[in-house]
C-alpha cells in the first residue's frame, strides 16, 4: 500500500489533492514546469521535481518523465487530477506497467469510457438512451464525417473523442461551415489532448446538462453521489455549477442514479467518475459521455453529501472499501460553485494575463475557496484561465445564492481582470434565481449589461477616491515628503502601493 | 486644488479643500479617507457611508473598484486640462489605431485585409492563448491600413498586429 | 420590521454578524474606536460611525452613544455580539426604551440569567443541579465572601457575576490567599464588564466543561442545538472547542438538552443562548451558568447542525418563527475550533502586539476562518488577543483532527507571535486524540515542549535559508544593485520585504 | 563566501559556493532558492525536498518559520565573528539585563525589591494588557539592581521597568 503520492497536475487541483494527501498522512511529490517554480503546489508538497519548460507538451503532458520521477522519488501512486493526462488510457497503462498505482479507473475503463464513441456504444448496448450521433467506434476522416452529418441532422456538435471541458467542440448549423469547423476542432483537440479525433452528435435544444457523480472501489461497490446541474456554460465551458439541480425530483434522481451506477458496473469502474447527461424539458435524459476522472466541480457534491471525494479516491486506490453505502448518501442543503477565471467579462471574456498584485479571498460561514494563486502570482498564457473556484453552501438554494452574492462581493482581485462581475450579474438574474435556464442560456439569453444597468453606481465616490489618490501622489512628488513612521497627512500613501502600480 | 476627474466618460469637478473636505461639482462633502496598510486599498467614509476602494494604475489613469464595479478614471488638474485642450484634445480618437496583442499567443486566423472597411465590433483576427481561441474585435469603425501578422505567427504581449485608420 | 442593523462590536464577531446581515439583504451600521479606523468591519459595513478613543470604556462600552448612533442612522436593531455590552441588561433595556430591537434576549432574561447568582437560584428552583457555591442573589462584600468560603469549601472559584470568558475569575486553594485574589478578580471584572461583583463556587475536580446551545423565538419555541465540548482552557479562557463532545451519548445529550430547553423556557428566553455545565466522570452534570448571547465558539455547532445561528438570531428578532424544530436537529460529523490568539506559547502565552506584516489563511475543503485581521493589521493592547478562529469540519472526529493539522500547517502569521504552535501540539497530543481530558488538562498535564520535542526539526534548512537571505542582503547593500524588472540573481530580493522588515 | 550561522544556539558553517550550491558543515548540497513575489516567503528545494520558509527580522537576526516551527538565526561572516570574539563575545550575558515592557500596559504588582536575589523563572512583576494579567518572569539568575516602575504605573512598549545584575 502506497504512502507517497505524486500529483501529476498544477494549479488549484494540485493543491486540492495535496491537501487530501496531507489529511491522510501521506507524503507528496509535486511536479512543475519552469513557469510554476513559485507555485503553491510546489511549496506545499514534501518533494518537488522540475519537469521541463512551460508549454504543457514539454511538461505536464510528459507522461514518461512523470513516471520516471515517481519511480525515482519512491512515490507508490500517481493522481492525475483533471485535464492533462487524466483521461489518457495509455498513461494509466504505463503507470500500472511501472508497478505504480494510478489513482483513477483502470486503463481499460478509461479506454472504454474515455473514448466518447466507444462509451456511447457501450451505453447503447446496456440499453441506456444516448444522444443520436455518429455511431461506431472507428476513427472517422473529415470526408466520412461530412457524409454522415446530414443523417445526424443539423444543428450538430463536433466533439473530440478524447475530449472534455468543451475543448475541441464546435457547433455546426449547416454543412457549408463544417469543413472549417472540423479543422479548428481537430486543432484544438490536438493541442488539449494530443489526439485530434472527433465525432458528431445531434444538438438537443432546450436541454439541461446534468451529471451524476459516482464512486467505486476495487470490491465491486459502485455508489452514486446524486447530481450536479451544469447547464450554465459559455462556448461549452462550464462557468457555474450547482447541486442539487433545481429541476430534480426523487424519481428522476433515482432513475439517473441507477443508470450511472449501471454504467460504472458495465466497465468494472473504480475511483471517481461522472456520467454526463442531457435532460430535455420532458425530463427524458440522454447519456452524453462519461468523465473518467475527478471533475472541476466535485466540491459542490462534497458540500451537499459530506463525502470528501478526493480522499475517497485515494482510499479506494489503497484497496479500501468505500466508507459509505448508497443509503448513506443524503442531499443536505444546496451548493453553488463559481469558476473564477482571469477573463474580462466586459470584453468578450478575453483572457487576462499578468501579475495578481493583490488578492482577497472571501471567507466565513459556508464559503470554500479552492485555489492555487496568491498575491504576487503571475498568470501566464500557457495554462487555462481558471484561477480559483468559489464554492458556497446554504441551507436552501435561495440561501446559497444570497451567500454567493456576499462571497463574490468580498472577493477582490487586483492586477488582472476576472469574471467576478459575470457571476455577480448571474446571481442577480431572475432566470437564474428561478432555476429557469438551459445550456444555451448564457450565450443566447443572458445579458450581463442589462442586469448591471439597473444597479446603483458610485461614479462620484470613484471620482473622489481617484482624485484624492492622484492629489496625494502629486503632492508627494512635488514636495518629496519625508517618509517617517508616522505620516500626519490624512490620505497617506504607501510606497509599496506606488511601486506596485508604477 | 481643483481637478477635472473623468469617470467612464462622465466629468466631475473635484476640489480638495482641506484634509476633511472635498467639493464635487460644487457640493461640499466631509470625507474621511484612509489608506489601508500594506494593501492597495482605501477606505472612504462620506456622510457616514462607508466605501472600500481598490485602486491600481491602468492603461491611462487609475482603475477604481468600488462595490463590485470597476471605474476607469482620468484625473487632470486645470493646467493639464488647458494644455490638452490647446493641443486639440480628442485628436487621437480619429488617428491611427494600433491593435496590440492583449497576451502572448498564436495567430489562428486574420479575418481582414489591407484596405478593408471595418465596423466597430467586427472580428479582426483570432488569437489562441490560454487554450482558448479569442476573437479580437475592432474597437471602432475604420479602414485596415496595415497588417503585420499572419496565421501561424506567434505574438508577444503588446506586439502590434494591425493598424486601423 | 427592521432593515438596518447596527453592530455594537468589533473584530471577527463584527465581521461575522455583518456577513449574516449581508446574506439577509439587510443594511449595516458599523461603529469604531479611533484605533479601529482601518478595521475590516468598518470597511465592510454600509455605514460607519466613530465612537471615541481606543479604550473600550470610551468607545465600545459607551451604550448611550451607540443608541444615539442607531437612532441617527435609522438602524432598527442592535446586535451586541459577545463581550462589551452583550450581557448588560441595562443596555438591552435602554435599546428597547429607545424603540429599537435588541438582537438577543429580553432585558429581564439577561438580568435573570446574566447575573450568575440569580441564574443559579433560578435553576435550583427549577430543580436543575447546580455547582455548590454562595447561594442567594444579594451582592456580597469581601468580608462576607471570606466568611462564606469555608462552607463552600476549598478549592473554590471566585467568579464575576456579570462575567464570562474567564475574566474576573480566580481559583482559590486556601483562605489566606483569598483577599488578594478577590481584589484582582474584582479589578479584572470591573475592567471587562464595568461591574466588580463576584460570587464563589466550588471547584469540581476532573470535570469537563460542556455547554448546550439553545435558540428561541418570540413564539415560545425553544430548541437546543446539542452540545459543545469546551474543556480545553487555560486560565479559564477557552482555547479550543469541539462538537460533539467525545464523552457524549444519546441519553446524556437528551437529558442535558431537556434541561437547557427548560432553562430557556423558565425565563421566556429568546434568541441564542448557552447553558454551560460541568460534567463529572460519572456523567453527572451541574448547571454552571447561562451565557445570554452568541458564543465565540458558535461556529462548531453551525458546522455539525447546518444551522446558521447568527442568521437565525436576526430572523427571530424580526419576529419570525425558528426555521426548524427539535427533530430537525441532527449532528453530522465533527467540528473543531482553534482560537488563534496573538500570544507566544513559548513564553508563558504572553500577548504579542504589533503589526501583522503578512498573513496566509488556510482554505479548501472543510475549513472556515472567521477573522477581522489582514496583512497590515495592527494589534493594539486595547482589546483582547484573539485574532481569528480556525474552524474545521470532518466526517468523523479523527478526520476533523487530521484536517485541523493540515489547516494549522497552512496558517501563516508574520510579524506577531501566535498560539498556532500550541494548537499544533494539541492536535498531536495522544490525550486529546483519545478524548481523555478535563478542564485542568491544559494547565496541569499538557506539555507543549514534550510534544514538540519528539518532532523532526530542520535547523539545517533554517540555517541555509537565513544565510542565503542575509548573504543576498549584504551583497545588495555592498554593490547597490540596480533594481530592474528582471533580476538574474537566483536569490532575488524584494524591496517590499526589506522595507517591511527594517 | 563563508558564514557562521547560529540557529537556536547550534552553530552551522555555511559556505555559499555559487547560485546553485551551498556547503553546510562541509557537506555540499544543491539548492534551488526562490523568493516568492510580494511575500516574505522563500521556497527552497534541496535534493528535491521542498521547504517553504517565512522570514522576518527579529530582535537580533532573522526569524525563520519552517514547517510550523520558528527558528531564531544569527548570521555572521568570518570577519564579524573575529571582531566579536576579539571584543569578548558573550560578555553581555553576564552584564546588566534590562527588563523592558513587551507591550504597553498597566503595572499591577511588582513582586521583587532592589537587592533581592532572583532565579530564572521567578515572577518579577505583573503587567495588565489586552485584558489579561501577564506575569513577567526573570530570564536568568541575578540580583535586582534597579526598579523603575510601581504598581499602578502605565508603561509604554519597550519601556525599561527594572534591571538585573
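Before moving on, here are some points about what is shown:
All chains are identified by letter, namely A, B, C and D, in their written order; residue positions are counted from 1 within each chain.
Rule of thumb we're sticking to: a residue touches a chain if its C-beta (ideal position, glycine included) is under 8 Å from a C-beta of that chain, and two chains touch if they have at least 3 such contacts.
Note that the structure is predicted; figures quoted are calculated from it, not measured.
Just to note, of A-D and A-B, the chains joined by more C-beta pairs in contact are A-B. Centre to centre, using the average C-alpha position, chain B and chain C are separated by 47 Å. Each chain gets one centre point, the mean of its Cα atoms, and the points for chain C and chain D are 31 Å apart. Touching two or more other chains at once are residues 32, 34, 37-39, 41 of chain D. Within chain C, contacts with two or more other chains are made by residues 357, 374, 409, 496, 500. Chain-to-chain contact here is organised irregularly, matching neither a line nor a ring nor a star, and falling short of all pairs touching.
Each chain pair that touches appears in this list: A-B, A-C, A-D, B-C, C-D.
Of all the residues in chain C, the ones that touch chain D in their complex are 167, 184, 187-188, 191-192, 235, 342, 348, 350-353, 357-358, 381-385, 408-409, 412, 414-415, 420-421, 424, 452, 455, 457-471, 474, 489-494, 496-497, 500-502. Those residues of chain C whose C-beta lies close enough to touch chain B in the complex are 30, 37-38, 42-49, 73, 355, 357, 374-378, 500.
For chain B in complex with chain A, the touching residues are 1, 3, 5, 7-8, 10, 12, 14, 16, 19-20, 22, 24, 29, 31-35, 37-42, 44, 46, 51, 53-57, 61-62, 64-71, 73, 75, 77, 102-105, 108, 128-137, 157.
Those residues of chain A that touch chain C in the complex are listed here as 15-16, 19-20, 22-25, 299, 302, 306-308, 310, 323, 332-333, 360-361, 363-371, 374, 395, 399, 402-403, 405-406, 409, 495-496, 499. Taken in their complex, chain B has these residues touching chain C: 32, 34, 36-39, 41, 43, 45, 48-50, 52.
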